[in-house]
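In what follows, chain A forms one complex with chain B and a second complex with chain C.
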Partner chain A sequence: MNRKLICSALALAFLGAAGTLYAQGKQQTITTVVKITGIAWFDRMEAGVKEFGTQNAGIKTEQTGPGQADAAQQLRVIEDLIAKKVDALAVVPIDPAALEPVFKKAMSRGIKVVTHEADNQKNTMVDVEAFENAAYGARINDRLAKCMGEAGKWTSFVGSLGMQSHVQWAEGGAANAAKKYPKMQLVDAKTESNNDATKAYEKAKELLRKHPDIKGFQGGSSVDVLGIGRALEEAGLQGKVCVFGTGLPSETAKYLESGAINGIAFWDPKDAGLAMNKIAKLLLDGKTVTDGMDLGIKGYDKVKVTKGPGGGIVVKGQAWVDADKSNYKQYPF
Partner chain B sequence: MNAVASALKGGSHMAGVPHRGFFARHPESFTLVLIVAVSVIVGSINPNFFELSTVFDILRSSTVTGLFALGVLIVLAAGGIDVSFTAIAVLCMYAITKAVLGYWPEAPFIVIIVSGAIIGTLLGACNGYMVHRLKAPSLIVTIGTQYLLRGFLLTFVGTLFFMVIPQSMDNFGRIALFNYRSATGATAILPASVLVLALAAAVTWFLLNRTLMGRAIYAMGGSLAIAERLGYNVRVVHVFAFGYVGLLAGIGGIVHASTIRLASPFDLVGTELDVIAAVILGGARITGGTGTVSGTLLGVILVTLINNVMILAGVPSTWQKVVIGAFILLAGAVFATRGKK
Partner chain C sequence: MKEWFSDRHLVFLVAMNVVVVLLATAVSGGLFIDIDNLQSMGGQVSELGILAIAVMLAMISGNGGIDLSVVALANLAGVVAGLVVPHFFSPDDAPVAFTLGFVGLSLLVGAAGGLINGLLIARGRMTPILATLGTQLLFTGLAVGLTNGSAVRIGYVEALSAIGNETLFNVPIPFLIFIAIVALVGFVLKRSPFGIRLFLMGTNPKAARYAGIPENRMLVFTYTFCGILAAIAGIIIASRTSSAKWDFGSSYLMIAILTVVMAGVKPEGGYGRALCLFFSATTLQVMSSAFNLVGISSFFRDMAWGALLLLSLASSRFDLRAFWPLIRSPG
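On to the complex of A and B.
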């Protein structure tokens, strides 16, 4: 009997000690959920996520996401994380509307929620944008217009019509052209590529058939320019038709060299990953982001803060990068 | 079914029902009617549709879908279904591209495509063996293997795009069967890869119509129990049918990477429903025992066509999925009710 008591007491003491140790060593976890794991873009973001983890001892950072860009799968990943009780979620939503209920649930359980590329998200505390989407679209459009000689037919692509940011880039470009370049004519805007280079290729061919005199393409998804570039190269039209859009230096190198893609634009996903995690940490510390604040990250040194569509705020940097044949090699991703 | 068809054949001159009998006996002719109807409608909206380059583009886009569809035809005819072929294709394509680039960059194309065929066949045969052994619905087994293979690919093989593929694959993708320059100065090319589809179609036709295995496949698709009683070795037929899908998937994957000149591990998976829709719209029944090669090829052309004329027809991008979905639903409904009085 005595022995049993001693055993139980020891076991209890051990448990207690383990509990204290656990509490002392407990790190706060910030989990970043991306649209799709494994592509170069989000691998680069993961570098930022990891860097933030190593810089901040009390924070454990990790990145995850669905194996394919499927809104339902992303939803499941987030539900699992809520069940695991992470401290903060930093999410790049595939379809913001689909995630509203799950974010609401997360916040009601005290989990801090930060989003990226989703300034229409209602249930988020802070949405961080590398830049104003309309301004980014307009900037790409300015480069396209310059290449086209500010005249002729042009068109725009989006990864999917459910992707808010892609739609805003396309519409920002369209508004810019309508305002500044009266001789440019937008045709069959916002073609969907389903984020698939083959589909973008087929759609570009179809557009070339419908408009043999088309002069410019503005890509949305990072694979759009790849499909468009290949279609132009095969038709022997590189140099005659201008192609600008979001793209990755590593993936577009071949076409930038051949001239089938004239220029790409992007923001550094590593910095976006750092910014999301930095903001999540501020929220965990009970602070928030204020207008004009310096997050200590390139392009996010003087952020603009506005009220979001829900209870949260939208934080915008000026973190875009223009690249073409002359300078793409500086960006190793 | 045959009794109904011949009864209708006898009465096909009666007013009111003649088309029913004809389409019931030749479901692929209905597919052809749809193809012509879509072409006429789109062509009347936009005359740019009637160009030789349209034919080239449709054939080119149909090549890989067609290879997959021929495989699916065999499995459907045998009374099963396969949704893992895209995962087999992308695994073969990506893993082989990676291996060739790493160890033998100058490997000849024949070696690459044969290794694709072998790996694909083995993976497909595993599906067939499991379907037979577990007596499980083939849909469940192949959903499982689709996840498994794709997960394996992304976890262990790699996730980066190869923008530069082995030289021999690149060369193959560039062989032009025919090319011409249009009035607008754009070049249109018919790639030689369509010959792979033509060859696969011929082999599949021969297999289904001239061999004992073809009879066994239709028999098993009609009724597994009766086929077994008739003395067909259903294990061999299962392994063969799924192995054949794997074979065509492996070849299709390599052809896909060669023609698009990049290897992405995120490609193809997600297109399997388009392929299955094409086979059904070509007249095969999802319940098995039927289906022809000519019908399947027409079904593939129909699905490719409808996916590639939305912009020409002037359908705004927000409406394109609605139109395509409604079209497949309507055409599918017609096929589902065919043969019924």
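On to the complex of A and C.
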């Protein structure tokens, strides 16, 4: 009798312990680290991150990031998260090169690593891209060329020269123009705005002084078109100079209405956030992404998978959106 | 009196460390004092702490002394070494020679940059804030020009990577470097004739001149040493990121100045304590890591740092203990 009691008590305790272990193993954390917190683009991404968390009961999702767009600060945030022992990291790197060792460390500790906008990242398991960067840059450039009548001086902006994707868009645009539009002349390409609308405004004003006959601007960072638009409005040039570039509908609404910005292009950061978290979950479940796979997210329904520069893979969707004055209101972010 | 004052500040800083660590440990359920987190914090605090020591030394030297070029110089040192050294030593075949070359060249670049600062300030009679603002732009410009703005990838070199990422008896190597520099600077400031002269120069330059202190030589030496410290930080950064880039740590300068001011260093010169700087740097680090661990926004962190600075200034200006009886026996 006594022995039976002890046995059942032991068994119960064992079950309890196993139950706790199971519960701990079940609730997994995916942390998304963005370039900078508090800007509309990454607020929209956070909506996707949260949505994924509510859709998947076994997964806890959260988003964080540095207060300044400084690679050093982002590195610190990721180091702290590794110490926190999260299960998966979904990162939008400011400078992929600077994060190589920390990603290596994360993976060596069994943390799954997914990146976005960093197809040159070696130490990552999966890098997700909304689309082919060069094709996206060319597409914006085609719209710009049409607006400019395929002739005249134009220039391109990037957030910073270290931002791989911005540089690829600018170069994709330049290559497109060089191939298709011989009358278009690229001047002062890849001006850096430091991802700052005020800086973009100052740089645009400088360029307008330097090239009074400039006909087009291709923005890189999502705030570049805002600064350019403001500079054009002040100079009374809206409608006379064409502006196309990456931008958020909510932020650019005013300038789209006034004509200072002719059109914007973007991918929905919410879908990108969803895609990163979805892939992180696949990795946590011991699966991976295959060519042609449907992630169940708009624009990522037939993804292209290629080998990455390191041991990982690069997943590319077709998730771009063209918007202008006529249709930007359909995108509430 | 002075000794007593400084100790009070040290007590405040140590108390802040203890409070933050205890709070963070309680909130995170012990995760905060986990060895992984302690190592991660130790690795992080070093580069910023070393940059802060450089700013502190410049500040102590007086005459509005400050070195705004430290972060730019740290990055320039890493960029130059990252570009030049692979031409002489192969990182794969001769990793140790590569690492020694990298360290040596970085230190050389740092010393040269610091020397320029020192000569501009001592011989050129330029205000330190303007001279180092100028060289900050110069160093940044050089680093951008050399690299076209992109990162210099150094790749994985075991010996170099060890400097920033490995541990010795469970203590991160960069943290050991930081402690060694704190100890060295603390000793030099307090016990060596150089330190005593530097304090006098910062407190009363006229008296220092009449006392026959070679002002120019002292200034040149101090700023050159600042440059070397910047280069050491640059080496740690390059090792921790296996790359070098002109804009890494663009937020560091303000944090370094914050660390220095919070450490009780007098902005007008003549006083500063290495031990206080150490605890000032660790306070900021444990706060920052605690917030990341608990998941609090980095904007809140900046606010908390600001509040801490004000509290720290208050603690050095007023004796907070004077308020104690008021709190204990209200009414």
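Convention: the second predicted complex is superposed on the first by the 308 of 333 C-alpha atoms of A that agree within 3 Å, B and C clash if a C-alpha of one lies under 4 Å from a C-alpha of the other, contacts with A are read in each partner's own complex, and residues count from 1 in each chain.
As a working rule, a residue touches a chain if its C-beta (ideal position, glycine included) is under 8 Å from a C-beta of that chain, and two chains touch if they have at least 3 such contacts.
Everything quoted here is computed from the prediction, not taken from an experiment.
Considered on the superposed chain A, chain B and chain C are sterically incompatible, since they clash. In the superposed pair of complexes, A:A253 makes contact with chain B only, with no contact to chain C.
Looking at the shared chain after the overlay, A:D95 reaches chain C, while chain B stays out of its contact range.
Shared-chain residue A:G67: touches chain B and chain C both. Contacts of A:G38 after superposition on the shared chain: both chain B and chain C are touched. Contact with chain B, but none with chain C, is seen for A:Y201 once the two complexes are overlaid on the shared chain.
By the touch criterion defined above, A:L161 lies against chain B and chain C together after alignment on the C-alpha atoms of chain A.
Contacts of A:K105 after superposition on the shared chain: chain C is touched, whereas chain B is not.
In the overlay built on the shared chain, the residue A:I82 is in contact with chain C alone; chain B does not reach it. In the superposed model, A:E192 makes contact with both chain B and chain C. Of all the stretches 5-13, 131-139 or 275-283 given for chain C, the clashing one with respect to chain B is 131-139. Overlaid on A, the two complexes show chain B and chain C touching the same residues of chain A, namely 37-38, 67-68, 161, 192.
Of all the residues in chain A, the ones that touch chain B in their complex are 36-40, 43, 67-68, 158, 161, 188-192, 196-198, 201-203, 205-210, 212-213, 226, 230, 234-237, 240, 250-251, 253-254. Remark: chain A residues 37-38, 62, 64-68, 70-73, 75-77, 79-85, 95, 97-102, 104-105, 160-162, 192 touch chain C in the complex.
Residues of chain C touching chain A in their complex: 31, 34, 36-37, 39-41, 43-44, 144, 148-153, 156, 161, 164-165, 237, 240-243, 245, 247-252, 288-289, 292-293, 295, 297-299, 301-302.
Those residues of chain B lying in contact with chain A across their complex are 46, 48-49, 51, 53-54, 57, 61, 150-151, 154, 159-161, 163-164, 182, 184-189, 256, 260-262, 264-267, 269-270, 307-312, 314, 317-318, 320.
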